[in-house]
Amino acid sequence: MRILVVNVNTTESMTESIGRQAAAAASPGTEIVPLTPLFGADSVEGNYESYLAAIAVMETVRSYSEPFDAVVQAGYGEHGREGLQELLEVPVVDITEAAASTAMFLGHKYSVVTTLDRAVPMIEDRLKLAGLDARCASVRASGLAVLELEEDPDRAVEAIVEQAEHAVTQDKAEVIVLGCGGMAGLDTEIRKRTGVPVVDGVAAAVTIAESLVRLGLSTSKVRTYAAPRPKIFKDWPPR
Amino acid sequence: MRILVVNVNTTESMTESIGRQAAAAASPGTEIVPLTPLFGADSVEGNYESYLAAIAVMETVRSYSEPFDAVVQAGYGEHGREGLQELLEVPVVDITEAAASTAMFLGHKYSVVTTLDRAVPMIEDRLKLAGLDARCASVRASGLAVLELEEDPDRAVEAIVEQAEHAVTQDKAEVIVLGCGGMAGLDTEIRKRTGVPVVDGVAAAVTIAESLVRLGLSTSKVRTYAAPRPKIFKDWPPR
Amino acid sequence: MRILVVNVNTTESMTESIGRQAAAAASPGTEIVPLTPLFGADSVEGNYESYLAAIAVMETVRSYSEPFDAVVQAGYGEHGREGLQELLEVPVVDITEAAASTAMFLGHKYSVVTTLDRAVPMIEDRLKLAGLDARCASVRASGLAVLELEEDPDRAVEAIVEQAEHAVTQDKAEVIVLGCGGMAGLDTEIRKRTGVPVVDGVAAAVTIAESLVRLGLSTSKVRTYAAPRPKIFKDWPPR
Amino acid sequence: MRILVVNVNTTESMTESIGRQAAAAASPGTEIVPLTPLFGADSVEGNYESYLAAIAVMETVRSYSEPFDAVVQAGYGEHGREGLQELLEVPVVDITEAAASTAMFLGHKYSVVTTLDRAVPMIEDRLKLAGLDARCASVRASGLAVLELEEDPDRAVEAIVEQAEHAVTQDKAEVIVLGCGGMAGLDTEIRKRTGVPVVDGVAAAVTIAESLVRLGLSTSKVRTYAAPRPKIFKDWPPR
Amino acid sequence: MRILVVNVNTTESMTESIGRQAAAAASPGTEIVPLTPLFGADSVEGNYESYLAAIAVMETVRSYSEPFDAVVQAGYGEHGREGLQELLEVPVVDITEAAASTAMFLGHKYSVVTTLDRAVPMIEDRLKLAGLDARCASVRASGLAVLELEEDPDRAVEAIVEQAEHAVTQDKAEVIVLGCGGMAGLDTEIRKRTGVPVVDGVAAAVTIAESLVRLGLSTSKVRTYAAPRPKIFKDWPPR
Amino acid sequence: MRILVVNVNTTESMTESIGRQAAAAASPGTEIVPLTPLFGADSVEGNYESYLAAIAVMETVRSYSEPFDAVVQAGYGEHGREGLQELLEVPVVDITEAAASTAMFLGHKYSVVTTLDRAVPMIEDRLKLAGLDARCASVRASGLAVLELEEDPDRAVEAIVEQAEHAVTQDKAEVIVLGCGGMAGLDTEIRKRTGVPVVDGVAAAVTIAESLVRLGLSTSKVRTYAAPRPKIFKDWPPR
C-alpha cells in the first residue's frame, strides 16, 4: 500500500520530518511517499497561505504519476481537504480531523496546542466544520511560529508542555493534540512530561488511511465529493 | 467610493451581469468595478474549482492597481473570504454572508435556493462557519447548473420559484435568498411570484460594503485577519 | 427617505443624542426623526421597563402621523421588535441585531460591552433568539447605569475601554459592540483606545434600514410577522 | 396557599375555564385565584397582543391587593414572565415552560400542538430561550384560533388529535403538550384518543408553583431578576 | 400515595438520610419508602459503580413486592433512569433532572456543586442527554468524596459554599443545585450562606413525582420506554 | 496483538459472527478473541437489557485471565463503554463510535440503519454524548429485531437497503453505518446495492483498536476514566 503524505509548507526539511513521523506510524508493507507542494509559502500561518497551499496540494497530488492508495494532507487546521476528496477516488485524510477523531477515543475532552495565536480560529473553524468540536476543551497557542519548532525543539517542547498543562488543569482536557504538522516527533516527550495521551496528527492520519484502504472504504461520490464537472479553465494550471 | 465586485467564475458575461446588479444596488457616487478572476474555471460548482477561485480572486484583487474602498466577493457558498480579509485593509463582504445577514432582518427564517445539489453542503458549511445558520430553514437546489441560469432565465425562474415555494410551505421559510451570483437580476420576478421577500446577495453585499465604508469600519487586524507574515514563496505567483 | 429612530427610554436628552448619532450615519437625503416613547421609564434597565418600553414604542410609532420608510428601535437588548414588525409594512431594525450583524463582517468574534450586569442576560437572550450569538465571544458589563453614561462621558469611556480590553485579550473578541443606545457617540474614542473596530448600534441600524429601503425589501408577511388579526381591545389604548 | 393564575386574554370565559383547570390540579388547601388582565386583546395571537398582555399581566398582578404565594402566567408561548419575576418575591411559573418541563419526565421527545401557524415561531422562540427545546420534536398548529377552541370543543379535539398523531408518527414525539391556555380541559379526551401522555400547561404549572412554595424556593434575586431599580415613569400607569 | 426513593449507594445510613429529606418534602398523605440497592458499592463515584448501581436499582425496585405510585432514583449524575422507565408503568424521576428542571424556574442560569472532580463529566453528560444543560452555568467539584459528606457535614458545607460562591460570581449562576444525593439536608444552610436559592434533588424529585401522580401522568410507552420485549436471560438474575 | 471483541448479547452464534467480521478486518498478527457475556439477555433491544449488558461485559472482561491489548465493545448504541475505560489500562473502542468516526472520513453526512424503532433514540443519545452527531443525517430503523437478522439475512439486506436508500435521497446521507453488531457481514452486499460506502462498526472498531495499540495510545487516566476508587461491595459479584 502506498500513501502520499503531503506537506502544506514548501520547506523540504519539514516534509522530511513529516515523512519520518508517518513512516514510524505505518504498518509493515506500507510505503510512505512524502511530498512537498509544487508552489507556495515556506510556512503556512494564515488564510492566504493556507488557501494557496490548498490548491498547491491538489495540483501536486494530481501531478504525481505513480499509483497510490490514499492521501494524507499534513497541515493542521488548513483548507483544501474537500477539494482533494473530489479529485481522487482513494481515501483522503486530513491530520486535523484524524487527530481529533483519535483523541476522542482516549478521553472525555481533548485540547489542541498549536503554534501562533492567529492559527487558533482557523483550527476552531476546521473542527467545527468537521463536526469534531463538541468535545474539544480548547485550542491553545504556544506562541511559536512553524519554523521555530524545527529550529529549537527543546524550546518548542517547553512552550507546548506549558499550554498542555493549562489545558489539563484549567480547560479539563484529558488528551492533548499537537496542532501543527511541524510538531511531528515531539509527542513522546510531551506525553512523558504531561502524563496524558498526546496525539500526533500525522501518525493518526496514517493509521486511519491504512485502515480505510484495508476495509475497502473510500470517499462517497454521490453528492458533495463527486468528481468535478467538466470545465473550461482559463490560464490554469500555470506553465 | 469604489467597490471591486469580483466574480469567482471566469465567464465574462457573468461578470457583466453581476456588475449590473451591483451598480443597480449602489448609491449615487459609488463606482462599481466588476472583475473577472485572472485564472480558473468558467463556472465554479465544487470544492476544487472553489479553492482555485479563492486564490484567483485574491491574486486578481492584489493585481488591481487603482485605489479602492471595499471588495465584494460575488460567489455564493465559495471559499476564500478570510484570505482577502488578511490581504486587505478595506472591508471585504462575501455575498453568502451578506444575503443571509440581510434576510434575517426580514423574517423569522430564510431559505437559500441554489443551483446544483452538490452546492448545498458547501453553502451549509459556509453559513455554519459564518454563524448565520441558526435561522436558515433550508438550502435547496434548483437543479440548474451555473451557466444554465444565463442561457435560459425563464426556466431558471421556474425552477427557483418551485423550490422557493417548497421552502415557504414545507420548511417554513419567510424569506428567500438567491444562492448563486449568477441569479443576479432574477429577484424581482421571483418576489412577484412567491409573495415573499427575495434577497440577492450581490445587491445586499454592495449596500453593506458601502455602509461599512461610510461608517469608517473595516476588518479587525488584531488576530485572525492580521496581515500575512513575511514568507518566502516557491514558484508563486506564476509568471 | 424618512427613518424613525425610537428611543426606548423617556429621557429626552438621550433621544437627542441618539438622533445625532443616527443623523451622522445617514446618507444625504435621509431624514432622521428621533422619537421619545409616549410613556415609560426614564431609563430602561430590566425586563419590566423593557416590556413597558416595547409596548410604548409600538404605540408611539403607531401614533406618528406622517409617512415614513423604516423604523430603528434604539434600545440595546430590549423587547419588542417582533411586535413592530407585525404592525408595520416598512422595515424594522433593532440596534442589537444591527450591531451584531455588522460586527460579524469585521472580525472572527465580537464582544458586547454594556451597562449594568443585569443587562447581560437580556442581551445574551436577544442575540440567541436572533441567531446572532454563535460568534459572540462575550457580553460584558461596564458597571455604569444608563443615565450615568450621559452624566460623565469620560468615566464611561474608561469603564468601557477596560472591559473592551478584557474582551479582546481574554475572550478573543476582535470587534467591540457598544451595548447601549446611550453610548452613541463614544465609538470613535473607544476605537482609538482599543485598536479594534467599534460598532455603534444606532449608526449600524440606520445604514441597514436605508439599504433595505433602497433595495425595496421589507418584512415578510407570510407567517410570523403577518399583520395582527382583528381584536376587541379592553381599555386599550389608555386615554 | 394562594396562587394567582393569570389569563393573558381579556375574555372572561377563558379565565374561568383556566381557573377550573387550575383548581382541578391544585392540592387540597390551595386557593386558585383566576385573574383577567386589566387591559388588552380578547385573544392573544401574535407579538403585538402578546407584548401588550405581558405588561397588562404585570400591572394586573401588581394591583392585586391580597397576599399570594405564587403566580402562574397562563398564556402559551407569550412574553412577559421575566418581568413578573423581577416585580415579585414569590415564584412565577409560565405554562409554556411548565408543560415542557413536565413532558420531559414522560418521554424521550415531546411535541406541542397549538392554535394558528403564526403562533409556532413564538412558541419555538420561548422554548429556545428557556433552554427547553432540545427534546422538542416539533411545534404544530391545529389551525384553530384561540376563541374557536371554546366555541367548538369537539372540532378542537379533532384538529388537535390529528396533529398529535402526526407528531407521534412523523416527528417521533412520545408526549403531547397542549400549546394554548384555552385548551384547558381537553387533555383527557386527547390522551384517550392518541394513547400518549398529554400535558396541559395550566395543570402542570399549578403543581410546580405549589412545589416551589412548599420547598421554600423562589426566584433568585442576585442578577437577572433583581427588583427593578428606582425609576421616574412618564405617563405610566395610565389613569 | 407511595413513592419509592432508591439510593444508588449501598450505605444504609445514606439511605436513611435521603429518606428523611424525601419525607420532609412530601405532601401529607404521601408515604416515602427509602430503599437500598440489593447489591453494589458503598458509594458510587464513577462509571463502573454507577452502571452496577443502575442495574441494582432496577432489580431492587422489581423485587419490591408492595404496590407503589412512583419511583425516585436518588443518585446525582448516575446511569439507569431509562431502564426503570421501561420496566415500570408508574412515573420515574431522576434527582439530577428534577433538580435541574426545578432550578430553571428560579433563575437565568444554575450551577451544580458536586463531590469529586471525576463526577463532573458524568453530570455534564447526564444533563446534556436530558436536554437540561443549556442554562447550566457550570458543574463544580467540592473535592469531597461521597462518604465524607456524612462524616463531616460542617466541612462539607464549607467546601460547597466556596464553590457555590465561585459559581455565582464567576460563572454567573443564580441558583445552586446540590449535586449529590448525600448532600440531602444541607440546602438550608447553604442557601443562608450564599443568598441564592439552593435546590436539593431529592426534595425536588419527590414533589415532581407527586405532581405527576396527581395529574395522572406517567411514562409514555409508545417507543423509547416501551416495556422490554420477551427475552431469554442467561444466568440472570443471580441466585 | 490480542483484541477482545465482546458481544453484548448472550447468543453464541452472534458472537461467532462478530468474531468472523472482526478477524476479517484485523491485520496479520492480530489475534481476535470473541467473548460472550457471562450473563444477560439473548438479544439486547432496550435500556434494561443494555444496562445489564454493560455490567455483564465489564465482568466478563475482568474475568478474562489472559493478557490482552485492547477491547472492542460490539454492541451498537449500548451502554457501558465508560465503565470499561475506567477498569482497563488498554484502549476500549465502542463500535457505535468507531463506525461514526470512520463514516465521517468518507462523506459529508452519514446515516445509521438499525434494527427496531425503539433502538433509534438510544443510538441518537450515544452519538450525542460522543459528540459525533453533528454530521449524522438520520438514524433509521429497518424494523427487524436483532435475532431476525441472523435468521433471514436476505430479508435483512432488503430492509436495510430500503432504509439506506431513503437516507441517501431524503436525508442527504452520503455514507451508511450498519447500526447493529448483528449486521456484521452484510456490508459488502449493501454497498453494492446502494452505491455508497457502508461502514460496519465491528470492522471499523478493530482497525481503530489496532491503530491505538500500535501508536502506543490508551485511555487518559487523569479524570473521567481514572481507575475506580477502592470500594466495599455488597453482594457483588454474584457467586
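Lettered A, B, C, D, E and F in written order, each chain numbered from 1.
Going forward, contacts are C-beta pairs under 8 Å (C-beta built on N, C-alpha and C of every residue); 3 or more make two chains touch, one makes a residue touch a chain.
All values derive from a computational prediction rather than experimental measurement.
Rotation angle, subunit B onto subunit C, C-alpha superposition: 180 degrees, expressed as a multiple of 5. Centroid analysis (C-alpha atoms only) places A farthest from subunit D.
For D-E, the equivalent interface among the listed pairs A-B, B-C or C-D is B-C, as over half of the contact pairs agree by residue number.
Although subunit A and subunit F share one sequence, what matters here is the overlap of their interface residues, and that overlap exceeds half of the numbers used.
Rounded to a whole number, the gap between the C-alpha centres of subunit B and subunit E is 52 angstrom. Put simply, the C-alpha centre of subunit C and that of subunit E have 44 angstrom between them. The distance from the centre of subunit E to the centre of subunit F, with each centre set as the mean of the Cα atoms, comes to 29 Å. Within subunit C, the positions touching two or more other chains are listed as 108, 120-121, 172, 223-225.
Every residue of subunit C that touches subunit D in the complex is listed here, in rising order: 10, 37-43, 45-52, 54-56, 58, 79-80, 82-83, 85-87, 117-118, 120-122, 125, 128-129, 145, 223-226, 228-229, 231-236, 238-239. Looking at the complex, you find that subunit E touches subunit D at residues 25, 27, 91, 93, 97, 101-102, 104-108, 130-135, 168, 172, 174-175, 195-197, 199, 203-204, 207-208, 210-212, 214-215, 217-220, 222-225.
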